[in-house]
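Once you scroll down, you'll see the structures, which are given as structure tokens.
After this come two complexes, each holding chain A, first together with chain B and then together with chain C.
Let's turn to the complex of A and B:
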């Protein structure tokens, strides 16, 4: 029977390892304190009713979780978050079409790419404030230009969501386009030439060459879009000023934790959200393996 | 090479830790080598308010050269969160808003200053403002027991109108209306008629209507005397809510909830988009400097219920001292200076910061407009602020609803649920009857914190 022995490092290698460890020790300490410890404390707090003023903590088992599930506001926030993510496929599809169009454009593609990418590099707060003006019922550009009288950011359940979909697509299309453009540049031109000789049209090329070969990019975009959508906050707070129809899960967490000081409930909501994000990501990773992405 | 790097990193770490240790030692001492006590004073406010307070603090330090005050302020939105997150490391002196007072007084984190204040000092300021900061922890009763804060200000929230715009509309429409009475409250019906007559396509009558003003001025309240049983299904309460809803739904003199969301009542008033709004004394400086129109205040309209009296809510912020402060004497000196000092009270009103706390200053120089000129003479009806605090037969003032609660969820949730009423899909009767059990649950939860 062969005996496996651990390779013995030289003195120099051990020295280098120790020095290397010193270099990474600060980020590791940062991770332990600001990520792992905070995460663990938050998880613990989700089972307590911590009172920040009294600084008292009582163990309440799953009470925060059951309170959450019976809270209509939380259920509404979950519903809003999911509905608001419905614009995601539109943003991704438009980004893809735009990338294909720009790839085939002889002149001005760089300038147009920069133009379309602008939303991605603009502050989320500024974007939300500007769109808030655009959708304002009294003096907003959309109502004025189209002669409408729609209360976009009002109490109507659907108008506010339509407004957020439009804004969401506008915000997402730039990043999507840039990533797809990078992906398109990696597809060998020979595939298109060969398919042309076989009589394939532009649409067939898009369907059978471009889209399948862009699967890794699409996978990345879908995963990040779902995670980003589940973590959406600025739209609810800045664009919609906390209107009910736009309140998301993270807005609910902020409101309970920061505004109302109910840290236990907010922590429970955070962990439910984290669990959902982890599960969704695992499912997507498995699907990606199945699809060989 | 490796040893040198390790040595350099360790040396840096040791110096860094030593630096932390020495700075802690200095901040932890009561007085420094020069005999000066350093205290931290934490508040909130706009840049203007911070500037005003730095002036007051400088004035205090001039009079008390042995005390150094480090004044810090944040925005009002993040103030309470910052304070809560400081845990036990509280500033020596800090703002305590009335709507958070009960929770903090109950926690034991506020210093009982009953023995540091003389009766003469208490008598020199409005009793409403000092009684507000008393709390009996053994019975969880407000308004009695030890004193846990001194009043920074006492602010009746009054109905203000744009005098210039009002006169313009009256002239342009050739109406036979007069300016509203500064002393006699209008009835709700008279107020509605007044706004309807003045309404124009560009200008709303009022930007929003304060719920507590309507409820209090119709002889109603949110709960019984023990704050344990809801009274929102009381007919007077229902009538008050319907009155507000009708201002938009029936008369069209108030913006819809969505319009209010897109532009709040305060901003709409500043933009001359409404004739009436609500103001506290703390708004004076902004009104002097931000707008060009003339303005004045009038009593809150009174409802039709038996025994109803024009009543506005009166807000306040106190100066609290941390119970674990090592520098209570210096902290109390600052709190007392800011609350009782006549010079401070004078400076406060001249800066447009607040109605004077000190009665003799409020009823003397402030009413006489001493040291004020041009726009700072407004509002002319300063007597109304005093009447609201002192309570007359026609005019009253009362703490806002949140003051009475340990946990504000009951009011937050109620205000958050009003859409069906203001959208007109439910009457006040239908809405409040349906909502009563939720409100009662919130009240029960509020009570559970005190058991």
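Let's turn to the complex of A and C:
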């Protein structure tokens, strides 16, 4: 790897370029196998039908896509996934208020922020297991403490979603708070000083300085929450144990593809999901300066 | 319960900021009450998990509310760890097996690429980087099925004994990580640009150092804190990973911790032993909570970076 320094510049640059290419070849190979080839094969697969008995693959054009759109289970999964994301504005607003509060706190903010951040480092499995028992109909804490008799994780369409909203807000508030705290540190203190000289109260400052200046963070949080929400799986699998009212798109893909071996249908669903996520990500990237590396 | 007490203690130290109007001060205290109630809500599930672990099966299934068991069963954690039907210790071993290999080799791949992108001249640098970054927007669900099918046919071709498969099913979890983590590379490009001065690279070149030595002896030590932050983030991610492991790890011999926990929950083997399920969840969560408490600042740094990059 040792370089012999030579006077000719172009040769040196060419050598540098070749070494650089060698240094990035590992991620490139990884990309080719685990992203490009995998994704392309999945896309191809979505136009085929696999017969597990004969182990034959036949080209079926758009049959999987039409089957998918006429499948009530798929439409339910899309509906559930979207409805479950409805808790997002609550989580983001609470995270913002919490960050504003903690920013103004002289002491004690560290411990409080630790508590709020705990769910972010706890596994989805453990979190969903704990909440599953908290929402249990007979011996769950929620029903016992509030004297309710609700079958949260039962067949009811809305109770299971309310339960998952509560769990979702609980899970999201910490990360939101940390990101907003970072955003708040970037707002110059002079803005607040100037506005209080003009007689603006705390609430007006929040409305006219803090929230507008935190727009990029909010936008980032909304986009990542949408991308994450579209891919939720552990909620359906562990919290709801496959209960109908909580089956999400990824659960549908997993169930059709891995569990039932209907690769074509599952691939069609995963391609549609990927298309939506890619579009959302491109919107995000175009708005941010992320690509100025 | 000691956690709750410290919250209140810390709250006593709270001093309202300077020059607040009466109504602002009033609002501050209302907000304080809400924030503390919120903090209690945040830690309550952890307390409930802990206290339920210590209950008897009867107490855990009780229709009346029991906040704390009459005679806590402290031995439950050791029972769960040593029970052969869950093989918790073994699954921790498997998790660490994946962690060590992926992080050692994956960090090498990621940092080497970050160095090349940050400090070396190459044509189409930005185009290559953007193409690599598109992998971050493709959801796992969209690449999962082809990879799973490739894995199934490879196990057929190689005639893997699925009765005793270790470590074969762990390979599809390890392999992608060896090629690096593009998110890590992306953040380290900025770190290397900022903390590795060009002049230092140039003078090393004049002294006859090759690019690999510059990477190894200059760039790596100078970006250690940023690398460490990313490594810890990745470590926690692998530890908590569940979707891909749940697909590949159907045999108990290769379970990672999260898969063992899932099986424990779906009443596999142990029935509906809620204290055990809670004790298992507790044991699986505690190491990451400790990691977080020790490396708190690095966490905040990694999370914040993703937002600030906006």
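Criterion: the second predicted complex is superposed on the first by the 265 of 293 C-alpha atoms of A that agree within 3 Å, B and C clash if a C-alpha of one lies under 4 Å from a C-alpha of the other, contacts with A are read in each partner's own complex, and residues count from 1 in each chain.
Just so we're on the same page, a contact is a pair of C-beta atoms (placed from the backbone, for glycine too) under 8 Å apart; a residue touches a chain by one contact, two chains touch by 3 or more.
This is a predicted model, so every value here is computed, not measured.
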Given the superposition on chain A, are chain B and chain C in a clash or a fit?
-> clash
In the superposition, chain B vs chain C on chain A residues touched | C
Please work out whether A:78 is in contact with chain B alone, chain C alone, both, or neither, and reply first, second, both or neither.
-> neither
Taking the superposition as given, does A:241 touch the first partner, chain B, the second, chain C, both, or neither?
-> both
Chain B versus chain C as contact partner of A:138, first or second or both or neither | both
For A:16, is the partner it touches chain B (first), chain C (second), both, or none of the two (neither)?
-> both
Check whether A:258 is in contact with chain B, with chain C, with both or with neither, and answer first, second, both or neither.
-> both
When the two structures are overlaid on chain A, which partner does A:177 contact: first (chain B), second (chain C), both, or neither?
-> neither
Which partner does A:87 contact after superposing on A: first (chain B), second (chain C), both, neither?
-> neither
Go through the superposed model and pick first if A:153 touches only chain B, second if only chain C, both, or neither.
-> first
Partner chain in contact with A:68 - chain B first, chain C second, else both or neither | neither
Residues of chain A at both interfaces, chain B in one complex, chain C in the other = 16, 19, 132, 138, 241, 258
In their shared complex, at which residues does chain C touch chain A?
-> 3, 6-7, 10-11, 13-15, 17, 21, 24, 27-28, 31-32, 35-36, 38-39, 41-43, 45-46, 48-49, 52, 60-65, 109-110, 112-113, 115-117, 120-123, 126, 128-132, 134-149, 175-176, 178-180, 182, 185-186, 189-190, 205-206, 208-213, 215, 236, 239-240, 242-243, 246-247, 258, 261-262, 265-266, 274, 277-278, 281, 284-285, 288-289, 291-293, 296, 299-300, 303-304, 306-310
Touch list for chain B against partner chain A, complex | 2, 5-6, 9, 80-81, 84-85, 87-88, 103-104, 106-109, 256-259, 261-263, 408-409, 412, 416, 419, 423, 449
In their shared complex, chain B is touched by residues of chain A numbered 15-16, 18-19, 22, 51-55, 132, 136-138, 151, 153-155, 241, 243-244, 258-261
Would you pull the chain A residues touching chain C in the complex into a rising list?
-> 1-3, 5, 13, 16-17, 19-21, 23-24, 26-31, 33-35, 37-39, 41-42, 45, 94, 97-98, 101-102, 104-108, 111-112, 114-127, 129-134, 138-139, 141, 144-145, 170, 173-175, 178-179, 181-183, 186, 201-202, 216-217, 219-221, 227, 230-231, 233-234, 237-238, 241, 249-250, 253-254, 257-258, 263, 266-267, 270-271, 273-274, 277-278, 281-282, 288-291, 293
